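In the two assemblies presented below, subunit A is common to both, partnered first by subunit B and then by subunit C.
The block that comes next holds the complex of A and B.
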């Protein structure tokens, strides 16, 4: 048991680093993911993850696999697409989902093209699927910093953010906090995606945000427990995914996301809040 | 009597098309005013203009005594996301926003107030339920509890009785009359003419322009109602620029 569960982390530093990185991504990303899901922005998160790529790729082109350049590039690209897609949706006939799809397809193609101009296929793999087993100090500090900022910002913005989701008109009638809250939330989303990009790559970055959130929806009725469950699912996915990868030799990033995927499927089937089990085995009705 | 609101040649609308057209008049302080008119007459638009969600295309709304924070606004129910996992208690507690703001704590006394508001609308025992599990009438009761906590001078209600049963309507009417006795100013958008005749002393009959405005029995005449129906023509995509000046 010890050999199986604990020893890999005790013996190998890269496993410990990966674990810390996965925990940080879970803590910051899962709560943001819950809000994305509740605001029906799950696909927005996915699209934005791809949209980060060309920025990171330009950073890569300029200075190789440099953390700073790729992070700055990713953040700039993320904000540009988030604001650009919002602008196109608001000022033209195109709906936001369609304009996001347009933006992210172009971004993804552009990003892969830029990376392949200079880098090898290994670099491309790194960019697309991340390298959670090769996190250095600077990257870990970045990811942990993003998690800290996310949790603090969510604590500060909690009330207006919830209110903006439930009843935006009411918020607008009592306070001007709506628009800045929305912008700050978009910023959090981009930051977390950039952090996850380093660990899980552009294609899987949303994985630890959306899968735990979607799973938690089936277990909790209120927001606070939903977020706690989402974080727990994300953390456990990180641990189990790393162990699976260690013992089987499978790639670590996809293993983590797949474990989260298993949690999701189990939740869909067994979850007490609107899961399939309740649908097919409803139980006898109550008295009142 | 002082004026709570003054409309001066007010035009409100969307994309340059007027929904409320050259409205002039005064809402006296402490009045209980029904706003009646056919669909598309600009009733909801008028409320949005008063709250400030919508800027006038022309003219002005003056609310000298009333600050933005003194207004409570209940929009049509469809605009609330009822799938969001929030409890009745938390929804009602939002009425304290002006006092608690972004970070302010909620004191013990305020907790009492929240509970009192919930029981005033007859929702005791529902505090921990999420809003998705409420019926239409219960949801509207919860929103009225939130209004109670807002403690506002000017209360704007947009079709609050749509698809409610008689018992709920009469309970909510009691609350409205209580606010009226407390000298608050209330504007309520309605479709039910009988309700307006029996419950509301003053009426504004709106069909983009004011057809009539005054005591309810003088306003809701067959002649005026016919006029309102005729004035509210279809949306004209190729409308000319309006040249009418201040009335």
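The block that comes next holds the complex of A and C.
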């Protein structure tokens, strides 16, 4: 048991680093995922992850595998798309999902074009897939820093955020905090996606954000416990995914996300809150 | 800055291409024999054999990775315009067959590794399929076969240049012999127990077999495979138990992973060695001969100290 669960982390530093990275991603990303899910923006995360790719790719082309350049590129691209889409949605007839789709598709195409301009084919797979097994000090600090900022911001913005989720029109009617809250939240999402793509790559960054949130939905009714469960699911997915990769030889990033996927499926079937279970095991009827 | 320069370079390349297309076809016909080589090392061989009589176009340029290369319509156009297409074979360019078909080219396709005895991939317990190691050029003995095949193909395509091609080939073979002597001399200076390194991409099988050198790779043969925690753990254990003195980065694989392994084992990080592609013009390995010289210098520097 010790050999199976603990020894890999004791023997190898890269496993410990991967673990710390996965924890930080879970702490920052999972709560953001819960809010995204409650606001019915689950697919927004996916779109934004694609929007970040070109920025990161441009950073990669300009200065190689530089943490700074790729992070800045990703953040700039992410903010541009988020703000642009929001602006169009607020000031025209086009709905937010349509304008977001338009913006991220353009951004993605632009990124691919820029990469092909370069002519050579330096391995963009590393940008697409990241490597949770090769986290250096700077990357870990970045990911942990993003998690810290996320948690602090969520604590400060908690009330307006919850209000915005439940009833955005009400918040708008009682205070001017609606738009700033929304923007801050979008910024958090972009930051977390950028952090996650260093560890997991752009394609999988959204996974550790949305899957635990979706799983947690089936276990809790109130927001606080939902977030706690989501973080727990994400953390456990990280640990189990790394162990699966260590023992079976499966690629690390996909393994982590697939474990989270298993949690999701189990939750759909067994979760007490609105899961499939209620169809098979009817609860007690409440009688007066 | 480098990227801007290369963007500028590719803009110029596009301009040149536009000019080339604009030139009347008749003017070009009596000029050079248009040929295509799939990647930079093969292209260098063809340039050396063909000399002034051929113009070589590359599909995967210097510093590019032919394993994960995505052909573009421009490449199909290059193929359509070529008289001879040189490919490495051994499934190195998995995309080439479809591209040739799609381009509708009438060029003859020459497999440059014809006659080379392929090495099986040395892969003890891996689950991915066994295959042939395509990186045959890493042995200079094989490079001679490449050159001979290229010469024969050019003589067939352009019989008028037979003498030139044969003379160029003889000159180039002499240069190859000199480099081979240098490589052997360099290896001889490294103590036998230290003739093993870790490198991120399993491309040096032929080099190792020809010159008595052990290359241990953390990844499979293709840069397409993603690495798992188990693989990394295995390498780290191996470095520690076999006391492997150096870890080498390659020009095309993830340097972060190499750095991590080196940090964790205390192995020395060697310089860049080139495997699948040459460096850009003006770099330290812009021709095949420079590449082999560069690689042996890097190996010596990390291992003899």
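Here, the second predicted complex is superposed on the first by the 265 of 288 C-alpha atoms of A that agree within 3 Å, B and C clash if a C-alpha of one lies under 4 Å from a C-alpha of the other, contacts with A are read in each partner's own complex, and residues count from 1 in each chain.
To be clear about the criterion, a contact is a pair of C-beta atoms (placed from the backbone, for glycine too) under 8 Å apart; a residue touches a chain by one contact, two chains touch by 3 or more.
In this text the structure is predicted, and so the values were computed from the model without any measurement.
In the superposed model, A:8 makes contact with subunit C only, not with subunit B.
Counting residues of subunit A touched by each partner, subunit B versus subunit C, the larger count belongs to C. Shared-chain residue A:166: touches subunit B; no touch with subunit C.
Once chain A of one complex is fitted onto chain A of the other, the partner contacts of A:134 are limited to subunit C, with no touch recorded for subunit B. In the superposition on chain A, A:85 makes contact with neither subunit B nor subunit C. After overlaying the two complexes on the shared chain, residue contacts for A:38 are found with subunit B alone; subunit C is out of touch. When the two complexes are overlaid on their common chain A, residue A:175 makes contact with subunit B while staying clear of subunit C.
Of the two partner chains placed by superposition, only subunit B is touched by A:222; subunit C is not. Once both structures are placed on chain A, no subunit A residue is touched by subunit B and, in the other complex, by subunit C. The touching residues of subunit C, counted against subunit A in their complex, run 3-4, 6-7, 9-10, 13, 60-65, 68-70, 72, 127, 223-224, 226-233, 236, 252-257, 259-261, 263-264.
Those residues of subunit A that touch subunit B in the complex are listed here as 38, 156, 159-160, 162-163, 165-170, 172-175, 177, 220-223, 226. Contact residues of subunit A toward subunit C in the complex are 8, 11-15, 17-18, 61-63, 65, 116-123, 125-126, 129, 131, 133-136, 242, 245-255.
In the complex of the two chains, the subunit B residues touching subunit A come out as 51-53, 69, 71-73, 75, 79-81, 84-87, 90-91, 94, 97-98, 101-103, 130-131, 150.
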